[in-house]
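These notes concern the structure reproduced below.
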Amino acid sequence: MSVKDALREQRIETPSWAYGNSGTRFKVFAQQGVPRTPYEKIDDAAVVHRLTGIAPTVALHIPWDRVDDYGKLASYALDRGVALGAINSNVFQDDDYKLGSVCHPDATVRRKAVGHLLECVDIMDRTGSRDLKLWFADGLNYPGQDNLRARQDRLAEALRETYDRLGSGQRMLLEYKLFEPAFYATDVPDWGTAFAHCLQLGERAQVVIDTGHHAPGTNIEFIVSFLLRADKLGAFDFNSRFYADDDLMAGAADPFQLFRIMHEIVLADALKPAAGIAFMLDQCHNLEPKIPAIIRSVLNVQEATAKALLVDHSALDAAQRAGDVLEANAALMDAYNTDVRPLLRELREDMGLDPDPMAAYRRSGYAEQIVRERVGGEAAGWGA
Amino acid sequence: MSVKDALREQRIETPSWAYGNSGTRFKVFAQQGVPRTPYEKIDDAAVVHRLTGIAPTVALHIPWDRVDDYGKLASYALDRGVALGAINSNVFQDDDYKLGSVCHPDATVRRKAVGHLLECVDIMDRTGSRDLKLWFADGLNYPGQDNLRARQDRLAEALRETYDRLGSGQRMLLEYKLFEPAFYATDVPDWGTAFAHCLQLGERAQVVIDTGHHAPGTNIEFIVSFLLRADKLGAFDFNSRFYADDDLMAGAADPFQLFRIMHEIVLADALKPAAGIAFMLDQCHNLEPKIPAIIRSVLNVQEATAKALLVDHSALDAAQRAGDVLEANAALMDAYNTDVRPLLRELREDMGLDPDPMAAYRRSGYAEQIVRERVGGEAAGWGA
Amino acid sequence: MSVKDALREQRIETPSWAYGNSGTRFKVFAQQGVPRTPYEKIDDAAVVHRLTGIAPTVALHIPWDRVDDYGKLASYALDRGVALGAINSNVFQDDDYKLGSVCHPDATVRRKAVGHLLECVDIMDRTGSRDLKLWFADGLNYPGQDNLRARQDRLAEALRETYDRLGSGQRMLLEYKLFEPAFYATDVPDWGTAFAHCLQLGERAQVVIDTGHHAPGTNIEFIVSFLLRADKLGAFDFNSRFYADDDLMAGAADPFQLFRIMHEIVLADALKPAAGIAFMLDQCHNLEPKIPAIIRSVLNVQEATAKALLVDHSALDAAQRAGDVLEANAALMDAYNTDVRPLLRELREDMGLDPDPMAAYRRSGYAEQIVRERVGGEAAGWGA
Amino acid sequence: MSVKDALREQRIETPSWAYGNSGTRFKVFAQQGVPRTPYEKIDDAAVVHRLTGIAPTVALHIPWDRVDDYGKLASYALDRGVALGAINSNVFQDDDYKLGSVCHPDATVRRKAVGHLLECVDIMDRTGSRDLKLWFADGLNYPGQDNLRARQDRLAEALRETYDRLGSGQRMLLEYKLFEPAFYATDVPDWGTAFAHCLQLGERAQVVIDTGHHAPGTNIEFIVSFLLRADKLGAFDFNSRFYADDDLMAGAADPFQLFRIMHEIVLADALKPAAGIAFMLDQCHNLEPKIPAIIRSVLNVQEATAKALLVDHSALDAAQRAGDVLEANAALMDAYNTDVRPLLRELREDMGLDPDPMAAYRRSGYAEQIVRERVGGEAAGWGA
C-alpha cells in the first residue's frame, strides 16, 4: 500500500474534554467560546474532522458528557460527520473518592465506583461505542496509607465484574500512570501492572499507553513494541510532556519520540483501523486556544506517521542484520529528516480538503463565531 | 551549646495557606472546619505553636490573606502567642497573568505585577515582616512561545524596582522552581538563576530553597552548603515529594534527605535565628487533616534537626581527613539512626509542653470545635 | 514468631564479585588484598558470615569464578561455614557480544550465548545451586540499531531452551534493568518485561528486583508487593543509588526505601527462607574497602528488616481501614524511627556473635592479613 | 548575512579521545584501526575536517595526548589542514585521585593536581591553544564522606592559582556534571556552581555546557540563553543522552533539543567564531566506528544549526509579542520541520566538498587503510 493510501486510512480520535477549559492546580485560565454542552463539543470536534479529514470520532467522558438521550447525541454527531468513540469513566471527582474508587478500603465506595463503570457500559450499548477506557486516580500519598496488595485485590475484583458485563464487540482499555494525583503510589503505575490485569481478564482487555504517564528515561516505543507482540496494545492517549503529565500538544515536546512510536506501529502493520488500535489524543490546552491546538496535534501525529511510513524497511533490515549501527540508525533518520508537509498538503488536496487546515480554520471565522454565540450557560471544563 | 538548647531556639514558620483547602488539578477535596478568614488561619497556627513550642510565626499570602487592617491582624496574632512572618506575593491567579507576570511580554501586565510586589512591601511595613518571598509562576509551555532572554531582562527590571523599595531591615527572598505550572521552561528554574539575580540585586536579596522544586537526582544539601558559603541562603520552604512538587509533609518522603539538609545547617552554625535563615513549611494537605499534618511536619523537621545536632563532628572530621569513607559515613549514620523521640519528649517537658503534641491535639477537642463552629462563609483554599 | 526469631532466620547472600575490584568507566582504583581466586573470595565471604551470622551463602559469577572442580569449591566453602549460592551468567564481556548475546542479530552469537547459559546449569548441577540468575546487557545505543520485536523473539527462544534444561528444584531468575550498558533501549528494561517472559516460561521462572535498576520516581515496594501477589518474585539484588545504577552499599542512599521494601516482605510473610525469595547483595565497592563495606550492607539490610518486623500490623490495619491517613503513616513511621541497634546487638549475643561486627572485623586483623598474604597473582575484578 | 554564509563560518572542534577506544564499566569493545598516537588522532581529525569543511581544530587531553614536542605536534596538524584546540586536563585517572583531585582532603594530592593544571597551561603556551578546559571527577559516593563546603574552598583555591597563571588571550573553561563517576555528590554539579566560581575568578573564566551532564527534565537551552546573557558561556561539549552521560552522537537522542540550543545561539548572534563560543564534541563511540560517527555528529550539529538559521525571527517576534502561543511555536517548528539536507549539499558543493561526507568517507578507503596500517603498538583508549 502506498504511503498516501495508508495515511488516508489513518484515524485519530479527539477527546471531548480537550475542547473545554482546563488548567493546573494553580489556576484555570478560562477561554471564551468553549462549549457548554456535549453537543457543542461535538460541533467543535466536527470542525476538526472537517478540516483534517482523519479525526472522525470523539471520545466521551462520563459524567462530564452525561446526556439524557445518548441515541440523540449519536445522531447529532452523525449529522455533523463524526461518530461517538470511546467512553471514559470518571471515578475521581466525587467526594467519596478521596481515598480511592475501586481500590478504596470501604466496600460501599467500591460498590459505587463499580456501579459507575457498569453505567458506562450501559452508555456504550446506547452510543455503539466499542471501547471502555478506564483510568483510576486511585493511589496513596503517604507510605502506609493503605495496603498495596489489598488494593490490587480490590482492583482485580472491580475489573472482573466490569469485564464480565461487556457486550460482544466491546473492549476494556486499561490505562496506567506513574503519579498524580496520588504522589506516593498509584494503583496502576506502569504498563506491567495494566498488562498483568488484562492478561487475567481475557482477550478483550487491553492496555492504553498515555505518552505522558511514564517515569523520565522510559523508552515508550519499547512498550509499544512489546505490547503489540503480546497482542495487548489497545490504544494510545497521545499528548506530550517535558517533566510530568503536562498534557501538551502531541509532538510538541519530543517529535522524534512520536516518530519512533509510529515507526513501531508501522513495523507491526498496526496503523490500519482493522488492527484495532485506537489512536486518541488526551490533552489539556491551558494557554492556547482549544480547536486550533487540537488541529495542530492531529497534524503532528499525521506528520510523524507519514515519516514512519517513509522508512525504507529493506535498507533498515539489511543494516540491522549486518550489525551496521550507523547505517541502521541512518535509515531511520533519513525518514525522520524528511519534510513531509508537501506530501500531506498533496494528500489533503486529493481528499478534497484545504491543504493547510490551520489556515483554513483561521479563515473559517469559527473561532469568532463561538465566542459570539456561546454566551451564558456554564463553560465546559474539567468537572463541568 | 547543648543539643537541647539548640533545639529550644529552633524556629519554624507555618504557612497560612496550608490551613486551608488544597488539591490537585483533578479535584480539591474540601475539609470541614478549615478557616474562612486570615484570623481563623492565625487561630490554627497558634494551636500548632502552642503544642510544638517552635512555630511562633505564620507566613501570609497576598491576596489570599488580604485584610483591611494589617496592624489589627498582627495584634490578633500576638494576642494568640504568634507573630506574622514572611509576606508571600501572588502574581499567578489573575486572568492577566496567563502568559506571565513580571516576565509577561506586555508592559501593562508587568506594571500590574510589579505594583502587586510593591503593595506586598507596603504590607510588610505594616505587619513588621522582615521577608518578602517571591515565587513566580512565569514560564512557557511551548518552545518558541516567548523569548527566554527578554524575559530575564524583564524579570531583572521588576526585581530591581521591588528591591529598591525595601525598607531597612527588609529582605527579598527569591524562590526557584523547575516546572509547574509552566511545563517547557520556567523563568527561575534553578538555584543558579535565583542566585545570579540575587547577586545582582545586593546583599538583602537571598535565595529560597523549596525542597520540592528540583529535578530528580538533585543533591539539595549541596545547594544548601553552597549558598551558605556564598551567604545567599535566605530561607527554606520545607515539604516532601516523591515525583514532582508534591507538597507532602516535610520528612515524609525521604527523612534521610531532610536530615542531610539539617546537617549542613548545623555544620554552618546556621540553625540559630541570628543566622537569618527562615525555616518555613510550604505544604498542601490534600487528604490528611490540616492542623495535625502541620504539627507532624514541624515535628519531623525537629526530629531531623535533633539528629543533625547529635552528629559527632570531631569523629566525622577525623574520618574525613583520614579519607576513611566508611567511618565518615558511619559517623553521620550513627546520628541518623538514633531515636531522638525520647530526647524531644524530654525537651518538651522542660519547655512546659505536652511531650506528645499529636496526642495532645487529638485530646484538645480543637478539631471537633472548628468543624462545629466554622459553618457558613467560604472556606479558605488556594485562591480563597 | 518473635522479632528476634524472625531475624535469626534471615539469610542474605553475598556476591563473589563484590570482594574483587570494581570501578567506573573512568577508572578502577585497585585495592590491596583483594582475592585472586574464587577460593579467596570464599574466604572473605566466610568472614562476613562469621561476623554477621546471616550471610551463609555466596553467589558465583561465571566465567569470573570458573574453576576446574566445582565439587571441590563447594566443599571448600562448606569447610569454612558457607555454601555456594546462585550462579550468575555473564554474556557481556566477550567481544562477540558487542551487539548483544541472546538477542544478537546473528544466530551464531546467540548459540554461543545460550551455550554459556546451559553451561551455567551444568555448574549448578555440580554446586547444588538452586538459582540461575540471568542478567543481559543486551540492548541498543541508537534508535533503529536493531528490531526491538525480533530481539524479544530471540530472547524468548533462548530463555525457553535454558528453562527446559533446568533440573528439578532449580529455578531461573530473570533480572531487568532500565539502562546501561545499552543507552537507548535494553531488552529487559522493566519488571513488566521480565514478568511477561517468566509467565510464559512457567512457574520456576521468577523475577529479580535489583534496587538500582529503575527509572527515577519508581516505587519499588509497589513492584515487590505486586510480584509477591503474583507469586513471581524470585530474588533481590540489593544495593543503593542516587542517580543511576550506582551499586552503593544497600541502605546507604535511601534507608527509608529499604525499610518500605522489607515492610512489604514482612507483610507477605516472605522473609523466611521457606518463602523462596533469595535476598542477595549486588554491589561495587569502588572507594571503600570491600569486606567491611559488605558487612555494613548486610547490617543495613538487617536493620531495615528489624524495623519492618516492629511495625504494629494491627494498628496499621485499623488506621488503613478507617481511612486515617496520618495514623496509618504514623504506624509505619513509628517502627522506622525506632533505633533497632540495641536489639540487634542483643540478638548477636544470643547467637554467640560479637555484638558489633564492624568493630570485630577491625580487631580481627583480617584486613592486614590479606594485604600481607595476597601478593602476586592477579587481583580479582570485573572480568578477572 | 545569508544562511549559507553563516554556515560556512561555523566551527566545530572534535576531541582527540573520541578517535580512540572507549566503553562502559562493563566492557570496552576494542576496534581495529584506532589511532595509537596523538599524531594518528590528528590524521583522523584531518579526515573529518577534509570531508565536512567545518571541523578545523582538535581538542587534546593531557596526559593522553602528551608528547615530547608540542610544537612539532602543532606543525604536524597544520600540515594536515587542522589546528590544535582546547587543552583538556585529566586529574581523575591516577591512583592518588581516588578521593578527589583539587578537592581532595590531603593537601599533597591537591598540590599534585594543581601542578597538572599548571602543566596544561604550559602546554597551551606551546600549542597556542586559547582554552583550558577543566572537568573534575571530584565528588563523594557517600553522605558524610567529606565536607562539602571545605571542598568548595579547596576548589576555589586551585581554580584561582590556575586562573592567575593564564597568559593573555587564554581562557579557563569550567565544566559541570551532575553525577558520575561520583554518585552522591559532585563538586561542580551544575551550571550555578560553575558560574559562581567563574564570576569570582574573572572575565576569562567561563562555563562549559556538556549536553549530557544534567538531571532529567533540565531545560538546557534556558541555561544557554542565561549564560549568554551573563557573558559567561564559553563552550559546548556536544553529545547526546537518553538516561545518563551516555556520550552518544550529538543529535542522535533528541534532535529537537539540539535545534532549540542552536536557536538560542543564533538568537544571540553567538554562532560566529568572533563570539568566542567553542563548539566542541565530547563523545564516546562504543559500538559504532569512530570516524564516521564523528562525521555524522558534525553533520547533525550542522543540520540543527541550519534549521536554527532558518527561523523567521520577525514572525517569531511578532507572535511572541502578540502572546500568540500557537503561532510563536509554529514559527519555530516551521524551521525545525524543514529538510535542510539539500541546502547543506549545495553549501558543500559551493565549498568544493563532496555533498555527502558519509558516502565520501566510505568511498575513500580510509577505514580499510587504517585497519591495515595501524597494527602493533597500543591502541588509544581512555587512559591510553
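A few comments on the model shown:
Order as written gives the chain letters A, B, C and D; numbering starts at 1 within each chain.
Here is the rule we go by: a residue touches a chain if its C-beta (ideal position, glycine included) is under 8 Å from a C-beta of that chain, and two chains touch if they have at least 3 such contacts.
Just so we're clear, the structure is a prediction, and the values are computed from it rather than from any experiment.
Listed by label, the chains that touch chain A and also chain B are C, D. Across B-C and A-C, the chain pair carrying more C-beta contacts is A-C. If you average the CA atoms of chain A and of chain C, the two centres end up 39 Å from each other. Averaged C-alpha coordinates give centres for chain C and chain D that are 38 Å from one another. Residue positions 99, 141-143, 145, 178-179, 184, 216-217, 219, 242-243, 252, 256, 287-288, 325, 329-330 of chain A are each in touch with at least two other chains. Arrangement of the chains shown, judged by which pairs touch: all-to-all, with no pair of chains left without contact. Remark: chain B residues 216-217, 219, 242-243, 252, 254-256, 287-289, 292-293, 296, 303, 325-326, 329-330, 336-339, 341, 358 touch chain C in the complex.
Touching chain D in their complex are the following residues of chain C: 22-27, 29-30, 92-93, 95, 97-99, 137, 141-143, 145, 178-181, 183-184, 216, 241-244, 246, 248-249, 252-253, 286-288, 382-383.
Looking at the complex, you find that chain C touches chain A at residues 99, 105-106, 141-149, 152-153, 178-179, 184-185, 189-193, 195-196, 199, 214-219, 221-223, 225-226, 228-230, 256, 260, 264, 267-268, 316-317, 319-321, 323, 325, 328-333.
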